[in-house]
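Two complexes are shown next, each including chain A; its partner changes from chain B in the first to chain C in the second.
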Partner chain A sequence: MFANFRLSFAWLHTWFGLVLGFVLMAAFFFGSLSVFDREIDRWALPETRIEPQPMPSFDTILASRFAEIAAPEPEELAAASKRSTQPLPEKLKPALFGAYTTHRDPVLDVFVGFEVPNSTLPNDLAYGSVVIDPRDGRKLPKDRLALGSAFFYPMHYSLHFTWYDIGMWIVGLAAMAMLAAVVSGVVMHRKIFREFFTFRPGKKLLRGTLDLHNLTGVVALPFHFLWALSGLIIFAGVYFPVFDKMLQPLVEQHEREEARHTGLDAEPSGVPGTLASVDAMMIAAKDHWVSRGVPGEVGYLQVTHVGSSNAYVSIYRDSTDRVATAEGLHFQGSTGRVIFEDPPTGAAETVNGFLTGMHLQQFRHWTLRWLIFVGGLLSCVCITTGFIFFVEKRKHVHARQGTSGSRWVDALAVTTVTGMMVATLATLVMNRALPEDLANRDLWEKSTFWIAWLTALTHALWRSAAVLQARMSKAWAEQSWAIAALGAVAVVLNAATTGDHLGRTLMAGYWPVAGVDLMLIASACAAAIAARKLRARAAEVVPVNPEVPDYA
Partner chain B sequence: MPDALLLAAALACTVIGMGWLSLAMDVHWIQVRATRRSPRMVIILRVLGAASLAASLVLCLLADTATMAALVWMMLLAVAAVTIALVLSRKPALLAPLVAAFPQSP
Partner chain C sequence: MATATQSSWHVIARVCASIFGSYAFTWGFIALGASSLIIGGTAFHEASSLTSMLGFLVYLWAFCWAFIAASLARVWVVLAGGGVVMTLAGWWLSRSIA
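So, the complex of A and B:
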């Protein structure tokens, strides 16, 4: 099909990179934002602008909160009723309590898993949850959107297409394409070492674009590869559902074997039982960690087989000091006696824990957090320059032939690069502009995002007519102006509606909000500078018959 | 030494190391110096660069546990390489101090 190996890899890189690049752009941009998801949450939810809190008392605060969660969330219930072979009873039985926090969380996610009877899945649960202020157990309103962890983060891995997990499949496919693009990129690149530090912005746009594409691709190569790979590994259970589909009998047998070994029963006993003081178990766990010389706050708390005589309480150490996650102590619920401690992990589990932990970043290491954020932005630059190179290389030929291929690519590139930022910033602005007591406030914010993005797409399509004449679309400059304006407005609105202007947050050293504000200002400034340059370039007269060199 | 200082030193080492490695390449050497250099100087620059990157890894390992340090170092390399590439494209003269001790003629 192709004359040589390099050409066939170039084809793969170009077309897979282009088609799935639009998805990758969303995955990497919102992934970068997700590095600071908890901080964006603080910005978007002013009432939660407090210092991170440790796991509160179970006996005095959490127990009553769990008891108040009477039913699964409506969408969970609807999904569960489809999995059940019979109509679900009026009231479901709680089977699991869970509470999760990290060193960056001032609020606590508290959830209850309800047993789904007659389900086609084993040990099937449907979840109901609340977010509480751990200081006093006060419940936070449900329709306040945690923009970082509940909107940008799911966007990063599912694009919010939840129907049959289709979004996760698309993102997974894009991650596969990323791995293929990294490998094929290395094969195509003729001077990977000789041009390692090369960036020639002064020369032709095509040359500078390719330089930047190669530079960001090569120097951050381990990042691109490892993050795409670990993303796939995290959702391996979705992409290869061997355990709950193909190997179900084997899994059940393994569970029974494991239960015999650990003493943690796989099934509830069916005999009612009571829970001893969980606070005492938390104290025992902390004492245990102190005796082992490791730092330890409770990160995750879970009660399994709630209300049953064989209930057990699992207490996991938070993961501030290490990359990998999960290190648990398991107590007998009725007595508070330690039944089992998670043993040191084996080789495969250690590698899996490292890759997963690296991607999810629950550790306390602000330098690494920022470095990973920069890595994500380098990926975004790499993908963006890929789009621009595609268009710049072809637009003159397409203009002569009268075909519109590069116009469409340019419009979609504008939509996924500047358009995505416009939509994100519009959502932040709306988050601060909407009245605090507005009903369904979260829906308004989500709608803002999609409407703004759709507007950006329409604008990009309209303005990209210029590409048909091999000129630059004005949409790039105009959407950059929009980014600059929205970024500035967001900072002003935050100060106006909450009083937490930069002077105050910086003086108080409240970095979650100060950091988001500073990033907004930096983005606005960068966008304004870019807009000026892009406008100048869009106004340039195009030579009638330019030579298009063949770089790739 | 506090971790923040160790990490700052590690960043400095990676940037300087990447600087030396870039100047070991002819195309970047001529951006900084008008005169040619001997093959021996190329080797010296490469050794200096590699040693500096190794030193940064050691500093990372002193600051954090091995798994964390490996990630920090990997990301520092990327950031340092981009930094040097941008300096070379805008103001290559900034790298001149890295080879100030080298003789003007080969």
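So, the complex of A and C:
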């Protein structure tokens, strides 16, 4: 587009990085929190502060829970009625039962897929679900929000903007921009290996910021690239639904071949049938894994073609000991006989499974889990320093010209960096401050998040007026103080409302809650230190005629 | 940083090519690639995994190329035109088995 290759890449890096960087902050910040989503769940749902549990009995506990799920969730039903060419019947027929747990889950997700008749999609299902305590099958109230796995986790890939999956498409484009930013960043900075070791914080803010941007960019380069890429690959079917929308003949041919080869029917028989003991099948599966030298627990259980004579039960070994690859055993529902065992996957599918498994981390490896968390935070630092560099480089010129570009960028940067933390912590505080039996408690918590974020945006816009005079916006320091205060309040409220203060959780070695509390304290301290430094810097006198070097 | 030497319409056309042109090109790549592989005897999941994964790298290449290629017309011809041609070829191949 410009005179040369590097200038074109610099344009791409600056503008895509800036516009989609605000989205990327949400993806990487909430993605980092999602690394510990189950732990945040325990903190937010005190009644689930128990040890992880194995898959409970199907025959005595799960079967009756499945039977009680009478209909899909309202939003699932609304979406399904749009996919159906005719009005949906009053009552939908259950077609699939599923129960999913991991080595970090004390509670169990139990869901039923209901057949959507006259759908435009093949084998279309709409889902209804409950969360249960696997020890006794007790259902947890629907309006208790699992903050980690049900709010922060979907936020990082959908922004909770579910209308036509728009949020997922925005995050997908942002992930693509991340990949392009990595490529263009490498092209722009030819001294890439020197940048590994270059950080001059003592120099001018502009130079130190760019050093830190380059350093975090280069040090975590494989992380930035692989997490953006694997995130896209996980949703390949959403971003490029080529097979569903266009290549149906190949899909149908494959399904027929697979059904013939595996003995697992693609369609229900239409003849009613009954299920043999699924507990016996789970025992058989565990024995089989022991005999194969890979003993394990049941991670995922699924009944397909529920109520039909050709129903089958699929039992998957949990993925505690490996990055990916589903290892399923499939039983005939009516007899409990093994019909089929998943063979090892082919090379391309194994690579796909590895990238997916690496991103989702269902394996048990705490060192890697922490490294991935640190990787996510390094991405956040890289994006944040990109924003600051953009503003610092231009604000003097903009101030002289009387244009407001860097003011708006600074306000949005404050909103997506400190503002996002303020909103997150406000939600944690509200989670502990609201009465336990409040109706629609989840709605209150979600509203808190969005209202706090909007407040942070308003505050940032107001304070950013200083940037017009090339001064630093006080919003950075003030929101850092808010983070410090909210973090401390959250820890105190957790101790006050549940009695699980750090003394107790640390003594008991209950890391999910102790870890969140320690992280809150660490964040509060870091924010307080940052706030003091920012205040000192904001008070600095602006040089009358500053030199604006060209580093990029 | 470069000073813009191009009109804003040119920049918009580049950005649209990089986002939408690359999408069409990648769609075509997956459609034609997967159909050819499957008809050539590759297992369905191998073909779909491989082309879906490579698709994002193809998109990345196309996305960057849309900015560095000298001729904007060529960018649109290759990305949108190539995408349409590959999509039609993939569609035709997938129907040829029935």
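Following the convention adopted for this analysis, the second predicted complex is superposed on the first by the 548 of 552 C-alpha atoms of A that agree within 3 Å, B and C clash if a C-alpha of one lies under 4 Å from a C-alpha of the other, contacts with A are read in each partner's own complex, and residues count from 1 in each chain.
The rule is simple: a residue touches a chain if its C-beta (ideal position, glycine included) is under 8 Å from a C-beta of that chain, and two chains touch if they have at least 3 such contacts.
Fair warning: this is a prediction, and the values are worked out from it, not measured in the lab.
Annotation for the three-chain superposition on chain A: chain B and chain C fit side by side. Comparing chain C and chain B on the residues of chain A they touch gives the larger count to C.
Looking at the shared chain after the overlay, A:Arg135 reaches neither chain B nor chain C.
When the shared chain is aligned, no partner comes close enough to touch A:Arg504: not chain B, not chain C. Contacts of A:Arg83 after superposition: neither chain B nor chain C is touched. In the superposition on chain A, contact is made by A:Ile233 with chain C only, not with chain B. With chain A used for the fit, chain A forms the apex of an angle whose arms reach the C-alpha centres of chain B and chain C; rounded to a multiple of 10, it measures 90°.
In the overlay built on the shared chain, the residue A:Met176 is in contact with chain C alone; chain B does not reach it. Following the chain A superposition, chain B and chain C show a smallest Cα-Cα distance of 18 angstrom. In the superposition on the C-alpha atoms of chain A, no part of chain A is touched by chain B in one complex and by chain C in the other.
Contacts from chain A toward chain C in the complex involve residues 1-3, 5, 7-12, 14, 173, 176, 179-180, 183-184, 229, 232-233, 236-237, 240, 242-243, 246-251, 253-254, 257-258, 345-349, 351-352, 355, 393, 550, 552.
Residues of chain C that touch chain A in their complex: 1-2, 4-6, 10-11, 14, 19, 26-27, 30-31, 34-35, 38, 43-50, 52-53, 55-57, 59-60, 63-64, 67-68, 87, 90-91, 94-95, 97-98. Interface of chain A with chain B (complex): residues 194, 196-202, 215-216, 219-220, 222-223, 321-324, 354, 358, 363, 365, 367-368, 371-372, 374-375, 378.
Contacts from chain B toward chain A in the complex involve residues 4, 7, 18, 22, 25, 27-28, 64-65, 67-68, 71-72, 74-79, 81-82, 84-86, 88-89.
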